[in-house]
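One chain, subunit A, appears in both complexes that follow, with subunit B as partner in the first and subunit C in the second.
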Partner chain A sequence: MSSVTSTTTDQDALLRAGIDRSLRHPVMFFLTSGAAWLAVSILLGVIASAKTHHPSFLAECAWFTYGRVFPAHMNALIYGWGMQAAFAVIIWLMARLSRKECSAPGTILAAGHVWNLGVALGVMGILGGHGTGMPWMEFPAFAWPVLLISYFAILIWSFIQFRVRPEGHVYISQWYLLGAMIWFPWIFITANTLLHCLPGHPVMGAGINAWFRSALLFLFFVPVAIGTAYYLSPKVTGRPVFSYSLAKLGFWSLAVIAPWAGMQKLAGAPVPYFLPYVGAAATALLFIPTCSAAVNNLRTMMAGPDTLASSPSLRFTAAGLVGLIVLAISAVLLNLPGSTLPVTQFTLSGYGFDILAIYGVFSLIMFGATYFIVPRVTRREWLSRRLIKMHFLFSVYGTIFVAVVALFGGLLQGAGQETWQNAWSNYARPYAVTITLTWGLILFSNVFFFIHLTLMWLRLGRRSSHPTLLVSQHHTSSPHGEEGDIDNAGPGHAHAH
Partner chain B sequence: MSLRTFILGLTASFGAAWLAMVVVPYFKMRDLAPIADPAAKSATPIFYPKRTGRVADGAKVYAENGCYLCHTQVVRPTYAGNDLYRPDWGGLKNDADRGDTRRETNAFDFIGENFAQIGTNRMGPDLSNLARRVETEYAVGSDPAAWLYVRLYNPTANPKLWNSTCPPHPFLFEKREVKGNPSKSALPVDVGAGFEVVPGSDARALVSYLLSLKKDHPVPAALDFAPKKKAGDS
Partner chain C sequence: MSLPNQKPDLEDSINVTEAHGRVVREAAACAREKRIAENGSEPISLWLIVACGLVVATAGGVLGSVGSGLSYGTMFREGYVRTPPPGGGEEGPKPKEALAAYSAKGAKIYSAKCNGCHGSDAKGDGANFPSLVGSKWVLGETERFAMVILNGLQGPTSSGKTYGAGVMPAQGAGLTPEDLAGIMTYVRNNFGNAKGDVITAEMAKAAMEASDKRAKAGQPVTGTELDADHLKNLPGEPLDPKQLVDPISLAPVTAAKP
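Moving on to the complex of A and B:
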């Protein structure tokens, strides 16, 4: 930065401020409505989980029977929170990295409302008893074209920005985000047209569904998370990426391996024999792209241990990356065809794996990005260090509990099931109790996250030039530093970005 | 790297798997070749399990109410799990007429369904041969449909299932005032004098579907992966 003249720095700062201003409403809309859906989804998750050990809880009401609440929980988590958080981060990061202001915030905002309407009608459709019965695609059939069209209306602008960007180096985050932007419609259209419009063999339909679930995790949520981490870790620490060739290896190995994964869920079902076993091999091989990305980012962060301790963005991102390593290890351990695959195939560990990927990896990194992006687009700082710390504490420990209990509880449940000499019994019950309690804790933390975020959207954040850090560094008078200097995103403060 | 190269790279890496894992197998299996069954007594000697009547509606109720979240419908071959060893999952170990009828699930077992409810978790038992179990074990000497109605209305009402985690489904039933003679299909539950509980149309459809779950009919030689040993073989 020292070689750059002050004029260019000012221009840069102006450009960044312009980009942030152009995207303020879309980004805040997606994050806030996403956080609201997250709270709804977790509430539904608590209800669903409670019913697995106390089946008579709310049993009189058709809308709250387990078989409807659980799919509503998963679909709200994926399409309500996950996709919308990804939209917010993708449109902001792609604009910043392509150095282009957003030209269509109104269209994005309108499409975002349509998306929310689609998700709301879909969730109500499931609860009202019109679910399709295909996991993660339970929304009634009218919903998927609505979601697809609004998806294009939201993200096409980021693609155009990339096309017309000033020439130059394409950063690794852009690769991951562009990849995710292209993969999602491809897998979404494939699964929905094949299952809704071109009825084929019912068992192969179940296979496509299993492939869709895996592809959604590893070709959308995981790349968006990794791309965001590759932006945040060098940006916040101010150090270069630990190994850029490792980053490229991680991207292309993900692109090559992930599309083959997923059908191991159908091992033993009457589909062509190679499908489940290629799926199991590919899922185990996903260890390479996920672990290399996680290690590369963590090594980058470790270059600045002080920043790691004080920055909420980095702390959440680091937790998500550790989650990614756990995900990589469990992808291998759960899918060994000779030993663990038959045991875990029909157990809680499938749920544990999904929650680990969506919450323990993707959501934690999205929280990190939220703590980074929101002060920039609203030009206000986060209100309370304590709220952020609580959010971190409950989210991280909550995720560890849900994921570990479901993953390893699933192994024990499977071992019980496979002991065919014993009469059938439900071996999942004790783990279900733990999962309910933990979802309760996560719900608690996310209600506060939602309130904090809404206050920021209403521009009630602190007007200060000092970011809200987790570790108090100076100024004994105020925990957040001196008040007063409100022009923190304007010209002359380039170093703050 | 230009956008063009990037997109070509993505298309190649994704497209290969997309074709090999999804599109080609899907369209191949769409036209599953019929399998000859010389033993079949029908006019066309091919293997084709029947699935007709209210069963299709019941499959929809099964999907809408999320039965697939806790129950699977697949009996895996022995290389992929221990399902076949259970005495009553893949068929019956000691069927009165046919002896050991246990076999793994095959692709023809799902013909006529929209989506095979293979399932994701086993918080309840596999249902591939539920109807067979209800008829020969649970509801011996009584009406299998009536047994299933009570089971769906309140699973834990049956003392043998006191620790069942299956949710009750009272919303599939109708509670109404008794006018004249009580209904023949009224459930044996006490809901106050002058009232009775009868299955609604969804409950009837679901029970028809559940009673159709018998995936143990004899298979032609081409599909029989564990042929019976002849007397004398050891």
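Moving on to the complex of A and C:
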């Protein structure tokens, strides 16, 4: 290797390290507080789910009635964890892909605190009985302008970085992330102004709300997840993205189809009756963008099976992509108006679909990105392979249980509800008990994730030049080999000042 | 950045070492990263195309099942209300005994129309509003009672006393025959009254026809008119109080269902 190439590589590495350093505080803030909200949300989810089969649990306390705990659970999950994890990943990825250092980490950090304050007050407002009753928009009406303004203060810098990027080429991840960054304000402003400021007919309000929920999943969380996967899978394996044309198909079909989905939740309600059918057809068609993105990324990863086995980032991402395929299939199977669409209304399966999308797809890929980003921005390596493995195990199996039990248990529950002389609880109970137990396991793993992340944030990670991999590949026989060489070491040690 | 064949001078070569040291110390994670390769150009797999085609066909079927409903005015599909499952047919409410069913209907009307003056115990107040308990006109001939309810009353009551201003306003407006039958049955069998008979809707209908045919239709009746024209029972047989009827329509039901 000539010294010139080595210099360019080194300079390139220093540029990337500089970008990472500029974003250290905002990224770590969003990830850590997001992980804390995730733990809070799952705790609330355990309580809410326990109340569906043991209604007397915590029944004396008004703050913990089901009608408050369940919305608090969903809103903490979406705005506390989901949006903040997305912020961390978007600002880091957009800076890296535009090859620009972040110029306003202080502003982002301040706006991040405002966002957290808005979420905290909103969740307390819900628990205090001031929820609006509109699913996923239950925060009292003061919260949404606060969230919207801090959203712009956090992400405007990524737009600017994209605008002034040095190269003309736009990478696949940037399509998805830019799309999500533009679509979120569109759906958030539309739904909130129509429902808070210009309230019309309440039945149509329910329709707008259903559209908002679907759009939040498929125009924000799913594209952020796919965009991140399109970065991680070629980056970690070093292989080219399997098919560029498949990527284009996936992106444009998502952009065209996803805005139509959502109204199928109103099947049978007195809205113009083609709306639920358009929503059902569009949701079924979402199979195309989600499945092609998942297949494209999985094929990219399978080009390097060894990396897939050892890298925590890839393993989480691969699990999220498998979740995306399950989501794609269930989007078709749950929206057949002749059979499944009527019976899945008012059952657990809607919850299962949402949790599959938010936790089983989006969150798993965000965990993958976290395991990739944090060592770079903190310049420390993850402390414990075992903690990562445990997080992976509980998250993946937990998601399978929650989502699949709720999705398909919901179908059986819906069929059971048709024989209306029997008690509803007979059909829902076993699935509800399973969901409670599984959320408990996921909570267990995420508490450790939060602790691990906090230690990294405090820069208590391993000082080493060797990554923490799930499968140890080198020098397993010698504890004093390269792996044990922990003090800032490596070949360049002698040159250090 | 720098051309591949550019020869580094001495200063740069020193910097190479220094820079490499910095990379190892500060950017180890970045230095070991792989570069993102050029995008691949594999063709889209055949099975994926087939799967997407199947999904498009399914979604087309979903949209097609709207039929001619692609209009903003259509709210429901024909026959959307599902047929009841076997064994869960539309049985309607359970039949009740006639006295209970008529009284339940009458109690609602009483609380809406009569309660204000005659009171919830039907005892009136002794000065302005007479008591209905044990009243001869309430418990006596049914047509006379019906005329008072339908047209109101002017002057003295059955006891000969004139209460207050001496006028009871007409209550007939908006009453259906079932309502009138219910209120009459209710008052004659409650508050200590125990006549034990049920005025049917047919009898109440006859009373309304008689009321329309009065010479002074629209004005309150007086005791004199009642004695002259209406001192008789309404045509038709009172219902057996034990007879089972539908609690909504008050129509007699032949046999109790299991």
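By our rule, the second predicted complex is superposed on the first by the 465 of 497 C-alpha atoms of A that agree within 3 Å, B and C clash if a C-alpha of one lies under 4 Å from a C-alpha of the other, contacts with A are read in each partner's own complex, and residues count from 1 in each chain.
Just so we're on the same page, a contact is a pair of C-beta atoms (placed from the backbone, for glycine too) under 8 Å apart; a residue touches a chain by one contact, two chains touch by 3 or more.
Remember, predicted model here, so these are calculated numbers, not experimental data.
Engineer: Contact-wise, after the overlay, does A:Tyr371 reach subunit B, subunit C, both or neither (first, second, both, neither)?
Structural biologist: neither
Engineer: Go through the superposed model and pick first if A:Pro270 touches only subunit B, second if only subunit C, both, or neither.
Structural biologist: A:Pro270 sits against subunit B and subunit C alike.
Engineer: Which partner does A:Glu418 reach: the first (subunit B), the second (subunit C), both, or neither?
Structural biologist: Both partners.
Engineer: For A:Leu336, decide between first (touching subunit B), second (touching subunit C), both and neither.
Structural biologist: So A:Leu336 only meets subunit C here.
Engineer: Tell me which partner A:Val278 touches in the superposition: subunit B (first), subunit C (second), both or neither.
Structural biologist: both
Engineer: Is A:Pro234 touching anything from subunit B or subunit C once the two structures are fitted on A? First, second, both or neither.
Structural biologist: After superposition on chain A, A:Pro234 lies in contact with subunit C alone.
Engineer: State whether A:Gly350 touches subunit B only (first), subunit C only (second), both chains, or neither.
Structural biologist: first
Engineer: Overlap the subunit B and subunit C contact sets on subunit A and report the shared residues.
Structural biologist: Touching subunit B in the first complex and subunit C in the second, residues 268, 270-272, 278, 342, 418-420 of subunit A appear in both lists.
Engineer: If you look only at subunit A, which of its residues touch subunit B in the complex?
Structural biologist: 51-53, 55-56, 59-62, 65-68, 70-71, 129-135, 162-163, 170, 175, 178-179, 182-183, 186, 190, 194-195, 199-209, 211, 219, 252, 255-256, 259-260, 262-263, 265-272, 275-276, 278-279, 341-342, 345-348, 350-351, 413, 417-420, 424, 426, 428-429
Engineer: Please output the residues of subunit A touching subunit C within their complex, sorted ascending.
Structural biologist: 2-11, 13-14, 16-17, 20, 171-172, 231, 234-247, 249, 268, 270-274, 277-278, 280-282, 284-285, 287-288, 291-292, 295, 299-300, 332, 335-338, 342, 375-376, 379, 381, 418-421, 464-465, 467, 488, 490-493, 495-497
Engineer: Under the stated contact criterion, what part of subunit C meets subunit A in this complex?
Structural biologist: 1-2, 4, 6, 8, 12-13, 15-45, 48, 51-52, 55-56, 58-60, 62-63, 65-66, 69-77, 80, 82, 85, 87-88
Engineer: Note which residues of subunit B are touching subunit A in the complex, please.
Structural biologist: 1, 3, 6-7, 9-10, 13-14, 16-18, 20-23, 25-30, 32, 60, 62-70, 72, 74, 76-77, 79-83, 85-86, 104-107, 109-111, 113-125, 155-156, 163-171
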